[in-house]
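Pasting the structures in now, so scroll down.
In what comes next, chain A is part of two complexes: it sits with chain B in the first one and with chain C in the second one.
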Partner chain A sequence: MDRSDLYIIVAGCGRLGARLASELSRTGSSVVVIDRDPSRFAALTAEFSGFHLTGDAIEQEVLRSAKIEQADCFLATTNQDNINLMLAQVAKVIYGVPLVMARIYDPLRSPVYERLGIDTISPTELSAQEFLRMITARAGLEPASALRNGR
Partner chain B sequence: MATQKPRILIADDEKNIRFTMTHALERSGYEIAAAVNGEDALKQLEAAEFDLLLLDLRMPGMDGMEVLREAAERYPGTRVVIVTAHGTVENAVEAVKLGAADFIQKPFSPTEIRDLVAQILDRGHIRTEEAHDYATHLALAKRSINQRRLAAATAYVKQAIAADPGRPEAFNLLGVLQEIEGDRHGALKNYRIALDLNPSYEPARRNLSRSGEPPIPGTLSLG
Partner chain C sequence: MRAILAGEGKTLYYLARQFTAKGHHITIVDRHPDECEALARRLEKSVVVLGNGSDPAVLEDAGARQADVLVALTPEDQDNLIACQVARQMFGVPRVLALVNDPDNEEIFKRLGVTEAFSATRIIATLLEEQAALEEVINLLPMAEGRIQVAEVVIGEKAPARDKTLQELDLPADTLVAGIIRAGDVHIPRGNSRLYLGDKVILIGRPASFGEALRAVAGEEA
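Take a look at the complex of A and B:
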């Protein structure tokens, strides 16, 4: 599908939500970002040209006013795993949004939701992998004592 | 003249909305111009002919309703679609009474605005006075329900009832809308009104028997 035709809803305008919404809007998607706290929308960049909606995304009335039934993609990026998973299920099961993704801090929950067709991204898992990758890359090169002495 | 691109004027004080609408519509081959407030919109309508005006109701300075009044009087060839924020349907209904062709609630998807604009331009030059009859409002209401544009649907249904309060179809649809919005009590009341008006009106009877008990899943009957 043409990227600029996508209608995307982002629930939660924290650092991650604002970053995603701004970038998706900049690259041509039509984006609606939802947050309970309207001061959060200040985190969106100047390039954001979508809509913002003040309200609690766990209320179906709020999701409906965001026109979720038309959405091509739904991103659950509030700061709570349980809320994100609930929102993702609602978007997938009730409104049949084709692509649904949720941010989940606890990586142990991911497999359950992947079985439901909800893609999860765990920052904990991603950071752990990156830490381990760097450690492995460094470990082969220099002894720690050499690094500390600044050589 | 027939090969000329339809010309659309977007009047909105929010840069975001102008951008979103322009972006969605220019790919359909329309010629788009933008106005940043009410005064600017009227200036541009004076300077050139437009087929359609997409008009935000809430703008600083001259508000959308005044622009609509002026535009409807001075440029009757330009159809007007009102762009409203969520929860300001009353204004939109008022606007439709003043001659606006339709309205769309923010936020909207690119597809939604494109479809609406195409429909309005296709509707041809039906003058709004002619469109103010029961059957047209009913048809617009059903179309809006199917597009899940519930606020618009409610406005049309109410106009249909105002046009002819003695027929059951509009009351049945009003009931359907209330049921969708969770007002079961109001819905039942309107299904009963529809049946009182015409005891053999099948869609209302079906809706009443389906929704008369604690929520039973079933298909809403639009009639």
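Take a look at the complex of A and C:
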């Protein structure tokens, strides 16, 4: 699979969704971005050459009109964990999308979803790790192992 | 039975009241503080936990490790699905049931590991369609999660079944006339029992053949 000809669906056009959709579109992927609020699409950059679809991605009709069964990759980036988790499973299990990723704020439930082959990204975890890395680097401290091991 | 009911509003209250009255141990999970207070006051025998049923910490507080069943009935399908999955996979709750608000999600929930998913919208829609089509149908209720339907049908003047015996009726194979109510008495019919004007017929059958059975008894436009 050549990176440049992927068909990617992004559900949720907030700051993260818009950023990802714009960047993936700029680097040559076909991107469809879904949001129930059409004013959100203004956040897409001028380089975005994909499609946008107004609707609630939790509805099967909306996913089907985004041609989800043909997608190579599905990114669930709405601002609600449970919506993202449900969308990711629907994409993976019902429509067989090969690569599925979801943003979840609360990392407590990640083990449940890792078992289903859904990659979750927690901004809280990523920020915490980065903060700790910078603190360690600048202050010349040994990283606290308990914190470093937190996923 | 130890059950956790995660939801909100009146459905949650009435369901909890009904289960408690039958002697089940009920724990309620509701994310609205004001509702929790009212529920705790009105249902003295139930435990009430404030929080979202899809949050593992909340479910643990609600005693998910000991629960026999979790019922998720919030107005948000995604919350119901995740609550069921967390209950099952993190706490080993044997049966997880969910209300689905969007009827399209019924099948999806079952494929994603929910023991039973039921759509109030679909059940009501089915009831309405069949009631509207057949005014002679007095009661119609789905049983066994909708796999069997039961109806009470009046034999009207133009009913095809009028003055016929059950043997003569053209009923589909998986339907059955289980009772005849005539002048206030209930008769359990046999093949040679005859139906007369004004009889009420108790009809049982699978949903797929039920419409055909209703038409055979009460008629097309009834």
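Just so we're on the same page, the second predicted complex is superposed on the first by the 140 of 151 C-alpha atoms of A that agree within 3 Å, B and C clash if a C-alpha of one lies under 4 Å from a C-alpha of the other, contacts with A are read in each partner's own complex, and residues count from 1 in each chain.
Criterion: contacts are C-beta pairs under 8 Å (C-beta built on N, C-alpha and C of every residue); 3 or more make two chains touch, one makes a residue touch a chain.
Not measured: the values here are computed from a predicted model.
Q: What is the contact status of A:110 with respect to chain B (first) and chain C (second): first, second, both, or neither?
A: Touch partners of A:110: none, neither chain B nor chain C.
Q: Tell me which partner A:59 touches in the superposition: chain B (first), chain C (second), both or neither.
A: The second partner, chain C, only.
Q: Should A:82 be classified as contacting the first partner (chain B), the second (chain C), both, or neither?
A: Only chain C; A:82 stays clear of chain B.
Q: Identify the partner contact of A:93: answer first if only chain B is touched, second if only chain C is, both if each is, neither if none is.
A: The answer is second: A:93 touches chain C but not chain B.
Q: Just chain B (first), just chain C (second), both, or neither: which does A:7 touch?
A: So A:7 only meets chain B here.
Q: Which residues form the common part of the chain A surface touched by chain B and by chain C?
A: Chain A residues touching both partners: none found.
Q: Given the complex with chain C, which residues does chain A contribute to the contact?
A: Result: residues 58-61, 80-83, 85-86, 89-90, 93-94, 106, 108-109, 111-112, 115 of chain A touch chain C.
Q: What residues on chain C touch chain A, complex-wise?
A: 54-57, 76-79, 81-82, 85-86, 89-90, 102, 104-105, 108, 111-112
Q: In the complex of these two chains, what residues of chain B are touching chain A?
A: 15-17, 19-20, 23-24, 27, 86-87, 105-112, 148
Q: Please output the residues of chain A touching chain B within their complex, sorted ascending.
A: Within the complex, chain A touches chain B at residues 4-5, 7, 28, 30, 32, 48-51, 53, 65-67, 69-71.
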